[in-house]
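Consider the two complexes below, in which subunit A is the common component and subunit B and subunit C are the respective partners.
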Partner chain A sequence: MIQFARSAARGGSYSETIGVLVIAAVFVVPWITENPMVYSLANQMLIAITAAFSVYIMLRMNLMTFAVPTFMAIGGYTVAMLGLRHGVTDVLLLGLASFVVPALFALPLGALVLRLTGVYFVLVTFVLTEITQLVLFETPGLTGGSNGLVGMPAVTFFGIELGDNRAVLQVTIGLALVGAIVTAVVTRGLRQHFAAIEENELLAQSLGLVVWHYKAFGFVIAAGVSGLAGFALVNMLLTAHPTSFSALSSVNYIAYTIIGGKSSMLGPIVGGALLIWAGDIFALRGEYSQFLFGFLIVVVVLLARDGIVGTIYRLGVRAVSRRTSSRKSPSAALGVPNAMEPLK
Partner chain B sequence: MTAESINHGGGALLEVASISKRFGGLHVFNDVSFAIPPGEVLGVIGPNGAGKTTLINVICGMLPPTSGNVRLDGKDMTGKPLHVTSRMGIVRSFQQTNTFRTATVRENISRAVRFSGGGEQVSKTIAPLIDQFELEPQLDEQSDKLPYGLQKMLGLILACAVRPKVLLLDEPAAGLERRERLRVDAFVSHARTELGCGVLIVEHDMDLVRRLCPKIMVLDSGRVLAEGPPAEVLARKDVIDAYLGAVDEEAA
Partner chain C sequence: MQGFVATGLIGISLGAQYALLALGFTLIFGILGVVNFAHGGFYVLGGYLAYSLVTYLGAPYAAAVVGAALGTTALGYLFERFVLDRLIDDHLATLMLTLGLYMMMSSGILVMFGPQSPSFTFPLTGVIRGYGFYLPIENLVVLGVCIVGILSIYGLIYHTDFGRALRALADDRAVATAQGLRPTVLFPAAFALATGLAGLTGALVTPILSLAPHVGDPVLATSFLIVILGGLGSVGGATVAAFLVGMVEAFSAVYLGGSKGALALFVLVLIMLVVKPSGLFGHRVRGA
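== the complex of A and B ==
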């Protein structure tokens, strides 16, 4: 059990499984309630978590990306254009497009931006999202400009229309589940490679690791996962609008991951769910909502440097080791030889 | 990387021809040439700032040379990226301890073996080193919790796990106690005899250089001041002056 908990918190083999199961478990929500507030909250949480997954993938390689809204926009607008202009409504086709198109955009972009690290990478990805905003506003013929693309047809699944609140949530859950599975498979399969890049890129290279292959692959997959979040957002709003993909929203996605804990896939899930829920509660306080939201982030960052999941793990390990050591003799607990024991 | 270009271990001839490195107006070193046949050891010494570490950086591909070329068994390796030279067999160690800090010793070694495309054979090759450096009981320790000396030794084992043909060791004995320095001797001996590697050692410990290097090269202000057997080179006045500073005889 201890091994299980440790593995989950440290990003071990169980954390991905638990993460995927948690997202899959949300499928019960549309069956146990018809409350539109719950549906709305669940939609927002899952979209935030899916976007945070792509931040998590990049943070596995020590790259903090602000480009998530860019790829969300590409995924979301792709879906809106396919629906509005080409009549494509099949959720499977749209889901595939929302993953593949951002991933294809990410390939050449990655070749440019992945040469950078640290603050330079942060700045360039932030600027990239600003440029995306500009393009979305200034190309009305393609993107609808400041009006966005409105009046999307409801998506369908083998001809069944998925237009009501419950079906929209089911689509969001499905997309989040795909995002979770992709994230789990990639971060699990390449754990050692990503960890080596995160901890010591120079050493990894000197041991023969082709670092940019893995960075490019991670960037492309993260873009695809962001695209899924973009699809879910556009499907929930039935509108693709530039303000849904602002550069500042990327700060939230990073906050979800850091506050939840970036060392485990459970981090973005916990962080996304908690902060969306808190934002919803704080919204009732009107003008104080942003203050309360910011205060919560400051408190968590100050008290839980490893994020919520990492801190729970650390406290758990400390409690377990205290219990184990209290069963030993006091001298053994302190790690000094017992004077009563004969010398060997 | 093609199948035939992947390193399968064993030694290889490293040839460095008329290599120079300049940063803007600063000449780090100029027209340096040498060769290291398989199983041979070359020591590179010189005062701080002579360009020794930069020389290693250029040979292994971390920095491109301004002119000259590097060949491994006749293949041009000049300016190839670090991961390519490493996979071809030019492997370096670092002056400071350089491991995957939060990974265990076992994970460090398994990463090195995995990244280089090695397998069971490589594990067998490095097993004697793990025994010799007494790392066996520490295999499940986090690497940054090891004593400094063992972290340095782990760095050397990682270099060995990449199936090197030529090893570039950057001050392997720096910061080690006298007893631990003998481990560097054992490591170099293992690399030469068991792996057939050529070894280039940059080092300030003259006792170690005398013990390990049948031939040394002195770099001073970016030029080769002297080369030859240690006893001969270290007795030269210009070499002593370069290390200790020239004595103004008139003033004396």
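== the complex of A and C ==
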């Protein structure tokens, strides 16, 4: 039983691999169908998932960020400017820029905002997205102001133009895959460091963990991943416009992560895919999807704190452990509390 | 000079509205430790309740304002009592819950009333011409009601047993509870008071500014701004910061144009949060 409990505790370690494989598997979609509806849905899902990864990385450290649209905007506008003004169209270069530039912006910003925790961090990141909007509107010379940047050239891959629907989806999948791999490597590699910070930052520090390093690193990586999502969004819409990066869009990315489940990397994937799909069903009237998201957030926070993935996993573990333990000890069958179940 | 005085008056009247809004927001954080993302939602709901009462039931405007305040108070009470109270000590959970409520409220309003702004106008019109300035009567009425509201809140918080109980709970809940104060009764009441204030402000202000399902977003952002500037949870700080923000908005709109004033304010608040998270006047009210 102890063996089992231990493997259950480590159970999350496969979720990163599965997560990356799931994203990579989407490459099949452009091969098997040419349905533009499917393409559009897949594009939206992957962008949502990539942005949600960013929220997920920050939640590893118990920091809830509203700043995802800020870094998406930096990534997206970087790509648009490079394409429009400097004629850079190579997808690898643009992808690199969309990751690195937001990450560079995140360094000084992180030095400022990471001093705050809890509610104060939430507020400062919310203020940051509001500032982003105002800056985008107030700098028409640089960002096109309220017109945004339109008409950039199609991206290319070693000279091959990636302009049609299928190619756009392939670019999005590629970006999402990079985002997934980065997220998987970072959250798995630093799992224990992040967990120590999440559990008790002060204690972790007193035990010799240089908390500041890991928080800054996590923030920078999360910014880069957001930037990739920003590139994908701009590439899909063919415009970089302030409304794509509104302050309240960050609420959606948080919703995907929380509803999907914040304890495993599969959470943002399941949450993003399901909610975008659900939004698509209700999309005859877009406002219903917001109602649905809000309702689901309340339900998940009240009843199933681990989100969809966490709840399914917990029910699975309970079912398996009940079967094994009822065979071994009659006490479990009598309804005596199972020592393995987490105390809630 | 004439323009200067007129702009100052607009600033004061904006400041009074913001103060009424921000007082509710800061009370909720100070007493319950909840960041209320639904605050803007209650403002919009107040506006639409008043509009519905006037348009569909033919109620006089003053009665509609009272009705809107009561309606938002009731909704706030029920939400705190049956939803928020179950996780009241978890800051991020309560934040998510109010966020969920806000999404439901704003999309609910959108579905019921449509995206267009309904025609909802203030019943009194006219302008007072003073010595070198103009002041619309509607602004004067709103200013009066807001100031009465702000003073009543102060009286309630600092001069009644209810207020003392709330402040005791904000100060040290364990001790206050041991002394016999009951959070299960007082918390919903405090939350209801704050949402009622937001509803009242919405009912008063939306006929002058504008009423549409999305006007809650900037209201939420402004409330954030004021409350951070004044110190989260600080009643006095929020009042002063509200008038400050009102003034800055009025003058920058007239003399700078565009949203440069708002940008300056946001950057100021960002710096404030980082350098002195407790705000201009506050000490850190509670760890979060």
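Definition applied: the second predicted complex is superposed on the first by the 300 of 344 C-alpha atoms of A that agree within 3 Å, B and C clash if a C-alpha of one lies under 4 Å from a C-alpha of the other, contacts with A are read in each partner's own complex, and residues count from 1 in each chain.
Everything that follows uses one rule, which is that a contact is a pair of C-beta atoms (placed from the backbone, for glycine too) under 8 Å apart; a residue touches a chain by one contact, two chains touch by 3 or more.
Just so it is clear, the structure is predicted and the values come from calculations on it, not from any experiment.
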{"item": "Partner chain(s) touched by A:V88 [first = subunit B, second = subunit C, both, neither]", "value": "neither"}
{"item": "Larger contact residue set on subunit A - subunit B or subunit C", "value": "C"}
{"item": "Touching partner for A:G208 - first (subunit B), second (subunit C), both, neither", "value": "first"}
{"item": "Contacts of A:A196 with subunit B and subunit C, given as first, second, both or neither", "value": "first"}
{"item": "Touched partner set for A:I18, first subunit B, second subunit C, both or neither", "value": "neither"}
{"item": "Which superposed partner A:F295 touches (first subunit B, second subunit C, both, neither)", "value": "second"}
{"item": "Contacts of A:L238 with subunit B and subunit C, given as first, second, both or neither", "value": "neither"}
{"item": "First (subunit B), second (subunit C), both or neither touched by A:L104", "value": "neither"}
{"item": "Subunit A residues contacted in one complex by subunit B, in the other by subunit C", "value": "none"}
{"item": "Touch list for subunit B against partner subunit A, complex", "value": "60, 81-83, 86-87, 91-92, 94, 98-103, 107, 110-112, 114-117, 158-159, 161-162"}
{"item": "Contact footprint of subunit B on subunit A as seen in their complex", "value": "192-193, 195-196, 199-200, 202-211"}
{"item": "Complex contacts: residues of subunit C adjacent to subunit A", "value": "29, 35, 83, 86-87, 91-93, 95-97, 99-108, 110-111, 217, 221, 224-225, 228, 232, 258-260, 262-263, 266-267, 269-270, 273-274, 277, 287-288"}
{"item": "Subunit C-facing residues of subunit A, complex", "value": "64, 112-113, 115-120, 122-124, 126-128, 130-131, 134-135, 137-138, 247-248, 251, 254, 258, 285, 287-288, 290-291, 293-298, 301-302, 305"}
